[in-house]
Amino acid sequence: MSMEWPLFILAAALAVYAGAVLLAVSLPRPALGAVYPLCILAALAACAADIWVLAGQGAFQATLPLGLPTVGLRFRLDSLSAFFGLIVNLGIATSSLYGTGIGRAELSKRIEPFYPAFCAAMNLVLLADDAFGFLFFWELMSLSSWALVVSNHEDEENRKAAYVYLIMAAMGTTALLFAFGGMASPAGAAGGLAGQAGGYAFDAIRDHKLTPLVSGLVLVAALFGTGSKAGLMPLHAWLPLAHPAAPSHVSALMSGVMTKVAIYGIIRIVFDLLGTPAWWWSLPFIILGAATAVGGLLYAVQDRDLKRVLAYSTIENIGIVFAGLGLAIAFKATGIVNAAAVAMAAALLHSLNHSWFKSLLFLGAGAVLHATGRRDMESLGGLIHHMPQTAFYWLVGALSISALPPLNGFVSEWLLFQAVLAGPGFPEPILRFLSPVVAAMLALAAGLAAACFVRAFGTVFLGRPRSTEAAEAHEVPAVQRAAMGILAVLCILGGLFGGFSAWAIGPLLKTLAGTELAGLANGPTRLSLIAFTQGRSIYDAPTIALFVALSAIATMLVVHFISNRGTRRSPAWDCGFPDASPATQYSASSFSQPLRRVYRGIVLGSVEVLEMPPPGDLRPGRFAVRYRDHAWRNLYRRPAVALLFLAGRFNAFQFLTIRRYLVLMFSTLIALLIIMAVWM
Amino acid sequence: MNVSVWAIAVIPIAAGILLALIPSYRVGAIGNVLASGLTFATSLSFLAMPPVVEDYVILDSLNTFFVVLNTLVGFTTSAFSASYIGHEIETGRLTPLFVRFYHAMFQAMMAAMNIALLANNIGVMWVGLELATLITVVMVGIYRTPNALEAAWKYFILGIVGISLAFFGTILVYLAGQGVLGEGLPAMTWSKLLASAPKLDAALLNLAFIFLLVGYGTKVGLAPLHAWLPDAHAEGPTPISAVLSGLLLNVALFALLRFKMLIAAHPGALKPGPIMITIGLLSLIFAAFMLYQRRDIKRLFAYSSIEHMGLITFAFGMGGPLANFAGLLHMVMHSLTKSAIFFAVGHVAQAKGTQQLSGIRGLSVTNPGLAVGLAFGVIAISGLPPFGAFMSEFLILSSTFAREPLLALAAAFGLLVALGALLLRLQNILFGAPTGPHHKVSASSLPWMVHLSLVLVAGLYLPAAVIAWFQKAAELLG
Amino acid sequence: MTLALDVAPVMVAYDVAHFLAGMMLVASFMLLYQDRIFAVLNTFAAQAMLLALAVAWQGYVHHHPDLFITAAMAFGLKGIVIPLALNRMVVRLGIHRDVDQAVNVASSMFLGLGLTSLALLLVLKVTPGASSFTREGLALALAVILLGFLMMITRRNAVTQIVGFMSIENGLILAATGARGMPLVVEVSVAFSVLIALFVFAVFVFRIRERFDSVEIEYLDRVRGDRRVQGDGR
Amino acid sequence: MASPIQSFMAQGAQMFLVLLVAPAVAGITRKVKARLTRRQGPPVVQCYRDLLKLIRKDSVLAGNASWFFRTAPYLIFAFTWVAAALVPTFASGLMFNWAADVVALIALIGAARALLALAAMDVGTSFGGIGSSREMMIASLAEPASMLVMLTVALAAGTTRLPEVAQFLISQPLEIRVSFALAFVALVMVAIAENARIPVDNPATHLELTMVHEAMVLEYSGRHLAMIEAASYLKLVLYFSLVICLFVPFGMAPLHGEPIAWAIGLAAYLTKLTLAAMALGVWEVSIAKMRVFRVSEFLGSAFIFSFLAILLAFLSREVLR
């Protein structure tokens, strides 16, 4: 049993989470903060275990006499679960650290009891080794996060968001249930309880081979189940409602971490359970992924709500990850394993990186919300003066998510482009056609992401405050800044040592894609990131960073040597209109106006309403921008309306007279009798 | 002649007579609890008892846990009603005289249901069910408001017609048995019938099954025979709603299952599966849609009972060890959860002074305790983890999917539609700014806590003994 | 000779039973046909008496003396007491003028014929094994039951509803007695009589008349739950 | 592989070369434009003077300019300079060419741009906002286009490393490929947009509503402005060198060439650069500036061209390797 200690540590961590739940239930309100240190503790312990498993690839199994009768609740900790466990627990640790800074007034029985439950559920999903356990914890995860989303329940919008979220979660779970049902080995479809339920253990599923048709259906179901959770378009519409509705450190978990659990689900199903892939499996991944990457941003650059912008950008990043997975599938299926490894590495590392900078950005948004009480970017501005640290960390996050070197977002982006460049190797013309499309979409997404986050950072932190709240903002508590700082450092390190992380996940890549990134071993430095061979493609972040830093410093020195270093302060020049009111600044909406104009064809349903009073009328002119999410209207509203319509029709049955009810009964009887008469 | 088996029927009857004589409603309530507790304690002895088969009484692995469940829920319900009735008297909706009557009737009803469960004679079983129905009719009408009378009346009419049809079915079964077992008692003794099932006249059995399905199906509340159920739940006293949903439906379904076993044991007879699947799915989906337009909280959960009965019937229609297992499990989960919900709802209605959903808002602000209870109940009944219904629904759907994927899809659709409605209501009840007045209620949260903790445990861990027990029953059901 | 002596009573027994059952079916048809309430009541009384005769005959032929109790009850209760009670009630409720067919006579007769043929078809198909005695009895009983049901759903007011239910119940008793040596028949018939008593009682006390099958919406608004315009719905 | 010394020299020489010629290139363009419009025009060296003057002057900061406003210019300059240093100009044996490939190159330029756009919003004037929003709009189209161009060429060369690409192209027999032609057009259009040239933007204007780049740097003065100006000169040269390296690399010195080869390479590079500068001048006087919202069409077509280019590159068998 000494070999099993990672599992023991994880069990202990889970026990701590559970203890935190009980504590939060029992403690009086002001003392609820005690939950967060416990979560940090548990998360760090879990991280240790996960890292150990990642380092020495071993898989640990355990079966508890719980769950399905005669099958039991099975747990398995392999390198894949460990990798995502690392993502999850790092996110939990930082979010909890941020949580320790939450003021007493904001602690509530509606949040703290569910927070550790949410954390534990995410960990358990990664550990589950049978379909029942997986779905059980998956749904538990949704349920606990639902409670967190609805924690601020006075707000009608939040309630709506929570409801939509829960329904989508339930549908996703059902889809996954069918996916597993399709994969389950029919050991005892007719046979005994043990046999049939046993078919739902992952081992049995692995052994069970499927026909192409079945595996295709399973793939669709699995994509629906995990995609709806991850925010894959067009199922995404719940996400920008639900993620911002939660308290910010929970939003960070949901956006940064829970979506990764969904990614884990699809990887587990497609690369592990579903057997050897066929090339056409990759099509939905690539197409939906690329579309999501661009679509998510097209909404993100529109929105005025800071947290919703972040949520939409989450959708975009999920798209990138799915595109990477799609390429990985395609390469693996067509036997181009080294390219498959590159694509897979891109997907995995992007999941990791995104969990970092998205948590950072959400925590920062939370800090802004806490300091100003505003989420609407139009009423913020100039926070860099009052919240310098938060501003700096947020800047790091913004630059990383815009995939700019030498930060971590660029590492995965770079790998993905390298993978695309192997596209001509595809035997199938469709794939050969798709890979440049992916490249184009990704490049477009990168450009838009930069625009989106320049807009966000520029409007919120730079410029002059647009409201008194923004003007009187104050820096958040030290622990919360520390949480953001840690994440910022992680973003930078992740960017500098991408080569190392790519090397570290080698074993995982070997199990998933079939090989690791061979080129890494013989680069100019151990830290240079090499996709295929050194001659073909290479990116050495440390050198670049050093290069930039040196030249920047050198220039500064030279310039300061030449110049007389004089600096005067004076009102802004502004083409000769000094001291204009802050209202004259470019606002978030006006910033996105050129983009709106350009992409109007694509961002359907974005309408600008300008009402200009006639000359002489003293009323101010009004300008409003509204946009409609079409997935929302067509995939959410319309079905709901149809359902309610049907319900209305059915409802007549509540108001029949007794005689009519008797008629119903009688006709049922007669119908059955007639059937009998005919049948016999 | 097994004493404790008879005691299950005798204790409540005696207690009923006694309670009818006790003037003080407080003493009556306590006596009610004591009697139910005693019955429950006696029933516990069944767990250790070998199967009993007598002319009039049978105790096999199928009905043992039904009896235990029945007496348990009866016990908790009596405890709940003790705290509920008090409030009803304070608000003057019931007079002590009626409460006296109510307690007596409560015991009589328990007795009737126990008789129906334990009867080895299909005629006696029928009598038990008829008795239970009539008593509940009276109980539903006990508030004597126009709504209550209207509900009771509807229940009465549909109920007696159903009973008549069921009786005709019973006659047919007797005729079928008569051919083999000769005239008289043996041809109505279920165990003997089952033993010689293959030799019975298949055609007669088929015809009988149709009538029994329609007759007892009315009691189970399967659409389109369900009409009495929602109003009866909504207008009666809440403890009765709890008993109706938690027990009476189960007992009726149990009776149906007995005959399903009989006909399933006959190779030549029609397969009851398709019919039950159709009716089950119909009820499931119909009820799911009906949930959306409800304005009365108790009627809402009444429809959810129809939905779940449909699901269970569907499961038994699918048959096979796993589906039957899941069906039995779901029956238990549903009756525990649903009665727990009704306990909570009863107190909610008292706290808010209305049953109208529009009048119940922001419960989590005004009565957090009740809110938690209700939330857990609804989450459990929607088949979400960590509660037992998740496991049973997982087993039902997965076992169906392995054989008839499309049917599984249909069932899942119904479940999702229902879940949508229930959670929508739940959110509206729990959250938002509270509306209207709210009174403090001396709610005893113990009953629903017991039920929900049982359901919770079942969701995580089924003891091997229980599993073995269910499996035996599932095999009996074929 | 002995053989003939043996056979003859059986034949007679069969003929008489069959005749009585057939008459009951005819009575059911008449019930369907009547649209004046008093006529309905009288016809029902006739049917009840026929039932009494049939049951008594069964008891006599098969030497089941206890069946005489059932017969007596059928005769006394359903043949005399209840019709009289209903008569008074009709007067009290002042509905003796009503024509309460929900479906017009012709179509209901037509439905009735359909049901009868369905019943015969089913039973004759079903019971090739059973004695012809049972078969005929069963077939006619089923027909009576279905017709009673049909009557329940083609009539509007409570009284005729009761009558419909009672004719269903007549059919049941007929079937039960037809099933030779069936235990509990007496008990069941007693139970049913209790039911009917309750039924009548309910109608009598609660003035069920208008509550039974009214279609006026404002009425439903007042009584049925779950309507939009409604105060406290308890 | 070239000897470290050699390649280090190549690297260093190249870094300072671009720095040295950058203002001159801008100067040449201006001069050509002036002459073509019958003006005397400033001397070619004027840009050097301007830079020195700016550096010497005090820098005037707006009242609420933050630390970011002051550090940004140096970062922008550094990013651009490093990017420029990574493009082989006259010799392909570069010390640090392994540090970043074309993808990284595009990203570096993007980083500089993002920093500039942010800096523009720091003071909180309306014009800064105008500038950066338009800049980002342009970038959101230009960046993917340039990325696709790079990938097209890289695809043909089978590597994303510029020196290898250049070597490969030199080694190839001279032939016109459709994909390359499209890529070339797209890259030129992008270059024009990226360097705020007519018809996308007018470097000489201060007419508020039409300007993009100038609007962004409106609040800068003194040494900070100098840095930004220098960065923009560098960027122009960078794009020229890119076009040269990717499409007319002939004469470039091989990885390990003798001094003579270097001399040839240098000469070739300078001539090409001059020609490019003059061509730009001619182009700018020969057409009019377009409305900002027509820019999207201009760049949209660039994007389409580059996409067609890479599509052809992918689907045509010739590049299968």
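All chains are identified by letter, namely A, B, C and D, in their written order; residue positions are counted from 1 within each chain.
The criterion applied here is as follows: a contact is a pair of C-beta atoms (placed from the backbone, for glycine too) under 8 Å apart; a residue touches a chain by one contact, two chains touch by 3 or more.
These figures come from a predicted structure and were not determined experimentally.
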item: Farthest-lying chain, centroid of Cα atoms versus that of subunit B; value: D
item: Top-ranked pair of chains - ranking by C-beta pairs in contact; value: A-D
item: Whole-Å gap between the CA centroids of subunit B and subunit C; value: 31
item: Geometric centre distance via CA averages, subunit D-subunit B, whole Å; value: 79
item: Separation of mean Cα positions, subunit C and subunit A [Å, integer]; value: 69
item: Interchain centroid distance [CA atoms averaged], subunit C/subunit D, Å; value: 100
item: Per-residue multi-chain contacts in subunit B, two or more chains; value: 153, 157, 161, 203, 206-207, 293
item: Subunit C, residues touching no fewer than two other chains; value: 122, 125-126, 149, 152, 212, 224, 226-227
item: Residue list for subunit A, restricted to those that touch at least two other chains; value: 654, 658, 662, 669, 673, 676, 680
item: Those chain pairs that satisfy the touch definition; value: A-B, A-C, A-D, B-C
item: Subunit D residues touching subunit A - in the complex, by the definition given at the top; value: 52, 55-64, 66-68, 74-75, 77-79, 81-82, 85, 96, 98-101, 103-104, 107-108, 110-111, 113-114, 117-118, 121-130, 132-134, 136-137, 139-145, 147-148, 151, 154-155, 158-161, 164, 206, 208, 218-219, 222-223, 226-227, 292-293, 296, 300, 303, 307, 310-311, 313-315, 319-321
item: Subunit C residues touching subunit B - in the complex, by the definition given at the top; value: 122-123, 125-127, 129-130, 134, 138, 142, 145, 149, 152, 161, 165, 168-169, 171-172, 175-176, 179-184, 187-188, 191, 195, 198-199, 202, 206, 208, 211-212, 222-228, 230, 232-234
item: Residues of subunit A that touch subunit C when the two form their complex; value: 654-655, 657-659, 662-663, 666, 669-670, 673-674, 676-677, 680
item: Subunit A to subunit B touching residues, read off their complex; value: 65-70, 109-110, 131-132, 135-137, 139-140, 143, 150, 153-154, 156, 159, 162-163, 166-167, 170-171, 174, 177-178, 180-182, 184, 186, 188-193, 196-197, 199-200, 643-644, 646-648, 650-651, 653-654, 656, 658, 661-662, 664-665, 668-669, 672-673, 676, 679-680
item: Residue ranges of subunit B touching subunit A (in the complex, touch as defined); value: 153-154, 157-158, 161-162, 165, 203, 206-207, 210-211, 213-214, 218, 224-225, 227-228, 230, 270, 275, 286, 289-293, 320-322, 325, 364, 368, 379, 382, 384-386, 390-391, 394-395, 397-399, 401-403, 405, 408-409, 412, 415-417, 419-421, 423-424, 427, 430-433, 460-462, 467, 471, 474
